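My questions all concern the structure below.
A, B, C, D and E are the chain letters, set down in written order, and residue numbers restart from 1 in every chain.
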Amino acid sequence: MIKNRKLAAPYLVWMVVFILVPLAIVTYFAFTDKAGNFTLENLMIIGQYSTVFVRSLLLAAEATVICLVLSFPVSYFLSRQRAAKQKIFLMLVMLPMWMNFLLRTYAWMSLLENNGIINRILGFFGIGPFQMIYTSGAVVLGMVYNFLPYMILPLYTAMTKIDNSVIEAAQDLGAGMFKTLTKVLIPLSAPGIATGITMVFVPSVSTFIISRMLGGGSNMLIGDLIELQFLGNSYNYNLGSALSLVLMVIVLLCMSFTNGFDDEDMEGVV
Amino acid sequence: FAAEDKIQVTEDISVSADYDWTRFKGQNVSLNVYNWGLYISDGSDESVDVISAFEELTGIKVNYTTFDTNESMYAKLKSGGASYDVIFPSDYMLGKMANEGMLLPLNKENIPNLAGISELYLDKEYDPGNVYSVPYMWCMVGITYNKDMVDEADLEQGWNLLWDPRYTGQILQFNNSRDCFAMALKTLGRSMNPTSTQDIDDALVKLQEQKPLVQAYVMDEVFDKMEGGEAALAPYYTGDGLTMIAENPSLGMFIPEEGTLQCVDAMCIPASSQNQEAAEMFINYMCEVDVALQNTLFVQYTSPVEAVRELLPAELRDSELMYPDPELIERSEYPSVISDELNSAMDMAWSQMKSFDDTGNQWLVPVFLLVAIAMTVFNVWRRRARKKRRQMY
Amino acid sequence: MSKIVSLQNIVVGFDGENVLNGLSLDIHDKEFVTFLGPSGCGKTTTLRVIGGFVQPSSGNVFFDGQDITNLPPYKRQVNTVFQKYALFPHLNVYENVAFGLRLKKMDEKEIRSRVLEMLEVVGLKGFERRDTTNLSGGQQQRVAIARGLVNHPRVLLLDEPLGALDLKLRKEMQLELKRLQQAMNITFIYVTHDQEEALTMSDTVVVMKDGNIQQIGSPIDIYNEPENAFVASFIGESNIIDGIMLRDFCVEFAGNEFACVDKGFAHNELVQVVIRPEDIQVVPAIQGQLTGVVKEVIFKGVHYEMRVEQAGYEWIIHSTQASAPGELIGMCIGPDEIHIMTRTEG
Amino acid sequence: MKKQHLAALQKVYLCLIFSFLYVPIAVMMVFSFNESKSRTLFTGFTLKWYQSLLHNEMILEALWLSLVVAFLAATVATILGVMASIGISGMKKRTQGVINTVSYLPVVNPEIITGVSLMMLFVVYVNIAHWLNSNPSVPGFLKFLPENIFGFGTLLIAHITFCVPYVIFNVAPKLRRMDVRMYEAALDLGCNPRQAFFKVVLPELMPAILSAFLISLTYSIDDFIISYFSCGTLQTLPIAIYSMTRKKVSPEINALSTIMFVAILCIILVSNALESRSYRKKRIKE
Amino acid sequence: MSKIVSLQNIVVGFDGENVLNGLSLDIHDKEFVTFLGPSGCGKTTTLRVIGGFVQPSSGNVFFDGQDITNLPPYKRQVNTVFQKYALFPHLNVYENVAFGLRLKKMDEKEIRSRVLEMLEVVGLKGFERRDTTNLSGGQQQRVAIARGLVNHPRVLLLDEPLGALDLKLRKEMQLELKRLQQAMNITFIYVTHDQEEALTMSDTVVVMKDGNIQQIGSPIDIYNEPENAFVASFIGESNIIDGIMLRDFCVEFAGNEFACVDKGFAHNELVQVVIRPEDIQVVPAIQGQLTGVVKEVIFKGVHYEMRVEQAGYEWIIHSTQASAPGELIGMCIGPDEIHIMTRTEG
């Protein structure tokens, strides 16, 4: 019973029917035109969208790096708290994810607008107003805000596995704070870093709501582009499928680079 | 009107008596109605709930859901993702769907209230002879402006106002390629409907020129933005303009003299509908004067039902925005159905415009891919090597 | 021998409770010092105070005459071998050992020669490229030691380094550690709760209990002349009986008078008497100073362990000859074998 | 001295990060009590949005649907996922890797891809069913496939599909680390394998299963895009919210979110309190 | 005494390698049997064969005369105490112990009385409601034992139940387990790699190596008459020297002839001689049968351990008197202390 392989059968069927087959359909559409004939044109067209790709990747990378830098100390501090406290803090990290994604982003709009809360407060002190919303900074901020927990959690999981004595050992051997960080802490939390990067980078690349709401829609990201194919004038799902396919390949490459699909690393992410 | 001609459904709604509203009673019929969000008087904000009145009147259960863009509605229907009985597409989408055979021709005998619809809104090019549609709401595209921020004299410029560098960073633009291109084409002195790829290319240049001035490309966020005084200028639909002005009196709206787009959201029955007759009853009901009045009051768009105008409060009845000068209407165009090819070109141009200010070239994607592949290969090789090394001991 | 580490009135508290209550201690250079005590008595804490990982709430730590109480760990000339090794899992054996040297920005060649030399010393030549996680406990242990020693610390702290090893390996490593200490000629401060280990390896044993030092002395002193019942019972099995010191060289216990070699107690002072199980001679019942009934006999290989009841007290006796359970036997105790302590509780 | 500085710095930093996480939520909650519809200017305190929320049937219906779907999907996904984890744990490392990789796809795929691809699958099915049902040359007994599938069923399937991987990634590692001897001990004491599973293995996995269930619930309630393409004519809460933005987000939604947030907070606090109380009780008994 | 468990030609292989090679063994009722051997020798596997967790690829298991080779674990009248207890963490102490009884659908009252009785036997009265995870190692251990014993098995299997405990607690628990076995009057099959433990507790010791049985016998037999060098060295420290059996009662080793009590070997047969460290008498150099130089002296409490070099061989000697390192000493070995074995490798 405990290792009964048959138990996986329902899921395997499910997986094939509802994960693999749909992706096969996407692939099929990516390589056909509207009439159903084989074509590579969809993929060729993508070259013309290179700026969109580059910008998306850059923005996502930026957001990922910021998330990483912000989360690293948080996760470290959390992992060194007492067990009871850790639980509470973890809950606090997870809790915002329970709010509707759109509404959270909306709240940021209220904060960042020219007449928004922040500018009002600053104006009270006679500073500003600053143009904050509709900049790429705001988009990155939105990504960081929405995906920060996805970085904190895997990092935290990795760091709880680091024994305090290993850190002390490094100090004992003459490593100051900085050296301890670079030579021990970072290498040892590498699996968490890798998972965190994937978990932040992927949704950042493919988001379109954030860029629309906080970026004012003036900069198109891959997510917008895909959405445009399915929900745009031309209703070109062949091109949409091709774009999806390319994005998926990029994402999978990133992932195969960071971790080898080990579910151990996924723990605590989700 | 004589009382005996009417059936009183609720306090505010009476419907004509010479129509058999009750023929589906007790048959457990239900209708799937797919409308724009907040586009019907639904009982919120002390309004009248017209749907429950319909249900009460006819015994038909209405399953009312909403969409947010024509395209998402289209995508859903096109894919066969759902079967609806009544949908509310806009003009060009309606035409496209009709062309693609996605709509059922209406049986006009079941919609006697069609007679009450103003000629102004009937028999347009998107649906000649109104074979497939009955107009539900009508509006034009105008420009909302904030009186505190915009010099009223500038309004003379018409559409070119949106290209005025003095308002850099204070202009909101449609986040919708169709409307944007229409405006650009208008400033070029052409039809608002692109007819060739040349049109699209030229409009693109125009839009790229405008981009540095634009604060954001928005759709419904425009309400918040304009009401909150975030921006000075924003082209939007007249009905929504009225709503904004009601919220913030320092806002105004004008319709450029050179002409503009006019839009109709119409009621249609998709080909997949199982209850055509009941759907037609619903459409007929929506054209009842009382119902149309309540909807107009709630939505603030112009109702094609002629009798409504008289019943409206004075400020709406006389509003230039709700009932513009017929000459102006004459000069305006409906968005037309355009070919797939032009649509693709427009989408492409649109995304080019959106990603315009950055430098970058086509080679970046392949280069990126190559780098990623190289890194993966390196990674795999490294892992292998490490494994081998471990096995050596 | 000069003092190398000196603790003065160290007080350490966690959560309002004192774990160390004003502990003072001098450790001499090039000695092998062992802290011995039951779990939770504060051994690790003392070691961490010396290593700099715990700040005492009062008291001072001197190293070579200098006050280092506020010096951070990475500036102390002290290295530690942690309770569970704390090897760096992301580095191989070589890199683990080289870690400290790398931080000193030493020349790569020099590092290489020192690491290889040290690995040879601990018997891990040829293991340089191995992952530490795949090593056996004993090998990991040696890597940890090499990692500490390669920095040429003046003092090496070892916190139960053999705790996780099995008995056989433990015994081997004990000897090896002792040899290493002598070869390197530096001070080892060693923590254990295993008394046999402490006796085997140490020059000086510090017996602790509840954050206080009970006795400091050489293994032989501690074993043969325990200062109180706690030390006596903690260091090896003992019979501890209440007695009265009738006069110098004469003590009464178990209802009998015995000659002994202790003096200087007050007349009729209440004392405790410690007698090691192997120091009791079993003789025929009539010849015994005491007689008792054998309750239980256990074969222990080298000897039999017998539990003998005499007047309500259960004696433990180790003897190479077994008596049958139920048999009446006599017990003789020589004056040399009787250790007298002032009576304490517990 | 230095350590204290560090501790203080740590506190300040954590405070900053958590306020970063919570400020927007606080804004949302505060403005759910706002008299006017403005999102940036607080004009006065009112509870009217809460009142009108109670009368907004569309929102309430959507909420109800969302909750039902979320609970069902989370439950089915949890059962499916736990079974799968157990099954997978008995497989070879290589097979496990393949399955994990595939399961990982819905997690890393942009939602729109998952949504659209599932929709396409359903459409393909509908076409096949339609062809079977309408083609006269097909024997009658094959004409049983329903055509009108879009709706609750497809919505549920979509939600289950993107929830199961999260369950697997939560449960499988715990299962792998679980001591097999626990299971053997149960056998030893007289359990047959089935009893051993339900009496020992399952309770042991319970925390992981619970958190997997909660996560599924969260994702399911929050999901918009995938639902949008598979819900047919139904409307879940996020879809209602999104389509409402035709005008603007009504403060009613703020009110709803506030209520949900507070409800969740309460559940968490109560469960934590219960846990710590039973823990304390235990300690007192010692 | 009747046979209760009988293994016949058990072969178990993992990954193509045989872990047990045709092992045969009879275990008598109400005995305390210990499997002793180094790590990885197949002790746990043997136990798991008896418990039913491992299916032998050939051979049969008999229980009380019946073949149970194919009976699943939950149908065997055998209970196991697992290597790391394997208590159910989601159940408290009471529920853990009651687990087996609950499955038998026993009356709740009866369960209660049996569980409480058993908890009293193992000294955990009053711990019923405690969480098992908060218990100390020794207490957990006792819960595990109670959980097994409460089902009144005919045989209790124990897999290194004391492995995780510290030395002091281990010694206490050893005695307790032995008492428990006698009180319950059932068969205990016990696995350990600690020879002292095996000697202390067992009626019969089974010494294993590489999946084969080396010797079966009482502790005294095993200690005093090891059948080969492996057993000798595994059971206690030993000096094992190659020698030649010159004739009955006379053996030559270390360059000297010794009288002994063994006979029946072939003329000039090559043998190995086992001499326990405590059996060598230290005498002045001139009086010794052998003379050697003291290399190292270690105080062990009860005795000193000396390593003495004599003609290239290092003798281990236990003596209560210490000689100084470097001193030349004599060694005497009585005929009784010399154990002769046929020579084997290793």
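What we mean here is this: a residue touches a chain if its C-beta (ideal position, glycine included) is under 8 Å from a C-beta of that chain, and two chains touch if they have at least 3 such contacts.
What you see is a predicted model; the values in this text were computed from it and never measured.
*Asks:* Max contacts between which two chains?
*Replies:* Looking at every pair of chains, the most contacts join A-D.
*Asks:* Report back the single chain whose CA centre is most distant from the CA centre of chain E.
*Replies:* In terms of C-alpha centroids, the chain at the greatest distance from chain E is B.
*Asks:* Counting in whole Å, what is the centre-to-centre distance of chain B and chain E, each centre being its mean C-alpha position?
*Replies:* Their C-alpha centroids are separated by 86 Å.
*Asks:* Using Cα averages as centroids, what's the distance between chain C and chain D in whole Å?
*Replies:* Roughly 56 Å separates the two chain centres.
*Asks:* Roughly how far is chain A from chain B, centre to centre by C-alpha average, rounded to an integer in Å?
*Replies:* 32
*Asks:* So which stretches of chain A touch two or more other chains?
*Replies:* 109, 113, 115, 230, 260
*Asks:* Could you check chain D for residues that touch two or more other chains and list them?
*Replies:* Answer for chain D, listing residues that touch two or more other chains: 39-40, 120, 196, 242.
*Asks:* Counting only residues that touch at least two other chains, what does the list for chain E look like?
*Replies:* None at all.
*Asks:* Applying the document's contact rule, which stretches of chain B touch chain D when the two form their complex?
*Replies:* Going through chain B, the ones touching chain D are 32, 34, 36-39, 42-45, 63-68, 72, 76, 79-84, 220-221, 223-224, 227-228, 240, 243, 247.
*Asks:* Considering only the defined contacts, which chain A positions touch chain C in the complex?
*Replies:* 163, 165-166, 168-176, 179, 183-184, 187-188, 190
*Asks:* Can you tell me which positions in chain D touch chain B when the two form their complex?
*Replies:* Interface residues on the chain D side: 37-40, 52, 55-58, 119-120, 122-123, 126-127, 148, 150-151, 228-235, 239-240, 242-248, 250.
*Asks:* Please give the residue numbers of chain C that touch chain E in the complex, ascending.
*Replies:* 39, 166-168, 175, 193-196, 199-200, 219-220, 223, 235-236, 276, 278, 298-302, 318
*Asks:* Can you check the complex and tell me which residues of chain B touch chain A?
*Replies:* Touching chain A: residues 69, 71-72, 74-75, 78, 169, 175, 177-178, 211, 214-218, 221, 224-225, 228-230, 340, 343-344, 346-348, 350-352, 354-355, 358, 360-366, 368-369, 372-373, 375-376, 379, 383 of chain B.
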